[in-house]
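Listed below are the structures to be examined.
Below are two complexes that have chain A in common, paired first with chain B and then with chain C.
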Partner chain A sequence: MANPQLNSGNPRVDIEYRRRKNAEEMRYQVVSFALMIFLTLIAFAAVAIKGFTSWFTVPFIILLAVVQVIFQLYYFMHMSHKGHEAPSLFLYSGVLVGAIAILAFSTIIWW
Partner chain B sequence: MHAEEKFTYETWPAAPEKSTLEAKNKFLGFWFFLGGETVLFASLFATYLALKDKVPNTNMPLAKDLFELPLTFVATMLLLTSSLTSVYAMYHMKNFAFSKMMVWLGITALLGAGFLGLEVYEFSHYVHEGHKFTSSAFGSAFYTLVGFHGGHVAFGLLWCITLMLRNAKRGLNLYNAPKFYVFSLYWHFIDVVWVFIFTVVYLMGMVG
Partner chain C sequence: MSTYAQKKGFGATLWDFLTTVDHKKIAILYLIAGGLFFLVGGLEAVFIRIQLAVPNNDFVSAGLFNEIITMHGTTMIFLAAMPLIFAFMNAVMPLQIGARDVAFPFVNAVSFWLFFFGGVFLNLSWFLGGAPDAGWTSYASLAIASKGHGVDFYILGLQISGFGTLMGGINFLVTIINMRAPGMTYMRMPLFTWSTFVTSALILFAFPPLTVGLVLMMFDRMFGAHFFEAAMGGNTIIWEHLFWIFGHPEVYILILPAFGIFSEIFSMFSRKRLFGYSSMVFATVLIGFLGFMVWAHHMFTTGLGPVANAIFAVATMAIGVPTGIKIFNWLFTMWGGSVKFTTPMHYAFAFIPTFVAGGVTGVMLAAAAADYQYHDTYFVVAHFHYVIVGGVVFALLAGTHLYWPKMFGTMLNETLGKITFWTFFIGFHMTFFIQHFLGLWGMPRRVFTYLPGQGFETANAVSSFGAAFMSVGVIVMLINIIVTSVKNVKVGNDPWGDGRTLEWAIPSPPPFYNFKQLPLVRGLDAYWIEKMEGKKGMTPAEPLGDIHMPNSSFLPFIMSLGLFIAAFGAMYHVDKVSWALPVMILGLLITFGAMFTRSVKDDHGFHIHKEELMDDDDKGVKA
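The block that comes next holds the complex of A and B.
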């Protein structure tokens, strides 16, 4: 879903193509929004319905959060587009350092 | 293409957020900043997880006594929807529809303000229940994490309103299009952080 400067030689054709391309991308984004709302509802429901053990609920809702954030990053923040190699490097470096911090803090202080 | 050039719907580039050198630098620099923000929020999450429910005596409220599902749910819906409305704003930016973009940015700001209002109400409610910044390690970690996110929302609101006022009569050009785009990235990132806050702080807090 790259969005480069297009040149068919006919400006009218180019504009029509781009307008459709943008509309198509918007549709993907609306679909990912619907999925994000759906995942949020499941996460809240999993907590609202008593009867699951926390050994199930906690990993389950964290998984839902991670999936939702992937939608947010790749569709809303356009990381699925071309030209996002450097942003991916920056973001995943941040995630790596952050994950080590969380691992360290939650294992060092456990009593 | 230079920044002050006047455009029409026909001449507007396909990727206005990356059409000038300044725009490319802005885009790259902003993602670098978001990488840093990821580390910042991750360390606040780490602190919160380590200090959750660490209170000096048994009279003090714990996470499961404080948090309520409906309030968190409404706040989540407000912020999630505001993420979609800023996507709509960028859709119109790419189609060179300035006034439509402004309308959607306005809606985004309103939803953000609603979220912030709920958070202020929530914090004052917790303070009445004895959950304060200085009352326990749990309190400090909670208000630092959630308050830092709220501070980001407040900053985003000011940013959005400033951009809208500053460019109200200017229309879209390659000077301000990257500014709107970078704001939308920031706003989505705030939502990314909130997804983890409602999961890790509120939902996991209520599970116990």
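The block that comes next holds the complex of A and C.
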């Protein structure tokens, strides 16, 4: 989706603005990339290190995965940008509906 | 490309409709196909009422009765009510937001043809060894034990038409999010558009569970899996959950557009702004949201346990609150308005007490402990017919009268319309009111007969008598449609004289590009605002320019036809007949071939040039 707020009509200003914006973007992406690698390492470590029960490691890894998905969506798929309100609304609604179904299935059918 | 429809031969018109991607023509297709299925479903209903009119009747056998009730429910919900709703959404929503078409006109055509072929497939079961007989809910223990191919027709037919519905929903969402005219903010959208939006979101989230359920059922029945078979480690309850996770939102998919149509009618014919517009929007969204948390109220008696039952009971009752908000807003819209009793207004007026009755029995059913008594009796049948007929069907009949001039350029006869209303209204209450009592007296639903002396005779006779009235109402409406079409008296932009929203600002039927110039929207009830300031039409938001339009295409038809053919192959493959597999492959090749053609062949559409549009002006706006 185009970012209409990036156009002022003046090409020089636009280019300057875009360059700064892109640099900032890039910094975020690198930081979140590093963080994601770090989180992945922690996940491996949680399994490798002896002494944790699976009651800890499984939810912990799932939590890390959720965090990574959020990074992915916001920093790599640009959901933090303007103009993504509708997609985020639908994404969260979908997650909610799915979560309710899973919760119900796991509480009243399977266990 | 001329703007004016020339006199065309039948062949050319047929080809035009087979290849159209114009939302207004697709709306007409939905109206015709949905209308035909409505008549089929209605005929099935009449057979049910004949069979039950007297005790110990043998008009149909027990097995055939099961097929008839299954097909009645399935046809009415999936092949009549939903497509008819889609007809109005297609016809009206793009006009209401000031768009030239939906976001994906080609996909819109695919949606229609998928629904159509799915519906035809399902109904062919009558001629090919028997219809499905496990109820419209097709509970797995029954469905898997069902002999013959009936349930396979149900699975494959619904799967195909379900794809179409899902695509349609997504298309409407994208249209509303992206294609609103300048100035048409969310909070200026007419309520019918709002309800289309929320309904489409419900479709987006509710149809995938159905698809999953149907796939699992297909594997169980056709490929030897055992997802739902307890003896093999499966669980039959999973189907019920999947079905109702879809099924309850489905009833809101049906009722919300009905609310939308009635909201338009109330404010048009009370000649007042809708009372509490923002609370109406809020209530619509809230109903859509809560609709996903209540599905287990259909399963109170399956043994979910007291905690689950209590949670779902409370959530269900909560839906009564936003629904109540709406009822009061409609009443306050009429209050102090100068109410004009047109045919659509008759339906809207009758809808309020009827729907409230259905809502009240709904809350009664939602009391889990009491539901052990009501469940699977005629009380439930009465409840859902009060909401579905008294809500959805009333809205569809009202919408037919209201939007007929916009869709076809002619006005249905008001006197005949009111005759339809009164016969249908009286017949409806005669048929279903007494069924509350039948249920409380203990008559179970889905039984093919009952014995004399059980105390059910009189009530059933009354009920069947009412069905005859409803049939008369529908026949009068058909006559009305024929008479109106033969007379063919054309009407202007705003035939009701009270139009408030954008669709009434343009000719009836609109030119194929809808708006020569996109209109500038200055508030809620955009057209009304301009009228009140003494203007003739909308202020344009753009200079006159070329308009980009999509080309017609036969591919949507072919794509859907391919799946239709493949479904036969998949179904008879179970019988180990030699032609089944080749037929399935052939069908899939047709579908994917058509998709491939669509992907590689560039189709950029065409432009209507400015000069042509100006020509139209010179000739003067006809009609």
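In this section, the second predicted complex is superposed on the first by the 96 of 111 C-alpha atoms of A that agree within 3 Å, B and C clash if a C-alpha of one lies under 4 Å from a C-alpha of the other, contacts with A are read in each partner's own complex, and residues count from 1 in each chain.
FYI, contacts are C-beta pairs under 8 Å (C-beta built on N, C-alpha and C of every residue); 3 or more make two chains touch, one makes a residue touch a chain.
Everything quoted here is computed from the prediction, not taken from an experiment.
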Subject >> Partner contacting more residues of chain A (chain B vs chain C) >> reply: B
**OP:** Could you say whether A:Phe90 touches chain B, chain C, both of them, or neither, answering first, second, both or neither?
**Re:** both
Original post:
Counting only touches as set out at the top, which of chain B and chain C does A:Ala101 meet: first, second, both, neither?
Top reply: both
Original post:
Between chain B (first) and chain C (second), which does A:Ala65 come into contact with in this model arrangement: first, second, both, or neither?
Top reply: first
Original post:
In the superposed view, which residues of chain A touch chain B and also chain C?
Top reply: 86, 90, 93-94, 97, 101, 104-105, 108-109
Original post:
Which part of chain A faces chain B closely enough to touch in the complex?
Top reply: 3-6, 11, 15, 18-19, 22, 25-26, 29-30, 33, 36-37, 40, 43-44, 46-48, 54, 57-58, 61-62, 64-65, 68-69, 72-73, 76-77, 83, 86-87, 90-91, 93-95, 97-99, 101-102, 104-106, 108-109
Original post:
In their shared complex, at which residues does chain A touch chain C?
Top reply: 86, 90, 93-94, 96-97, 100-101, 104-105, 107-109
Original post:
Considering the complex alone, what residue numbers of chain B touch chain A?
Top reply: 9-10, 13-15, 18-19, 27-28, 31-32, 34-39, 41-43, 45-47, 49-51, 69, 73, 76-77, 80, 83-84, 87-88, 91, 94-95, 185, 188-189, 191-192, 195-196, 198-200, 203-204, 206-208
Original post:
Inside the complex, what are the residues of chain C that reach chain A?
Top reply: 173, 177, 201, 204-205, 209, 235, 237-238, 241, 245, 289, 292-293, 296, 304-305, 308
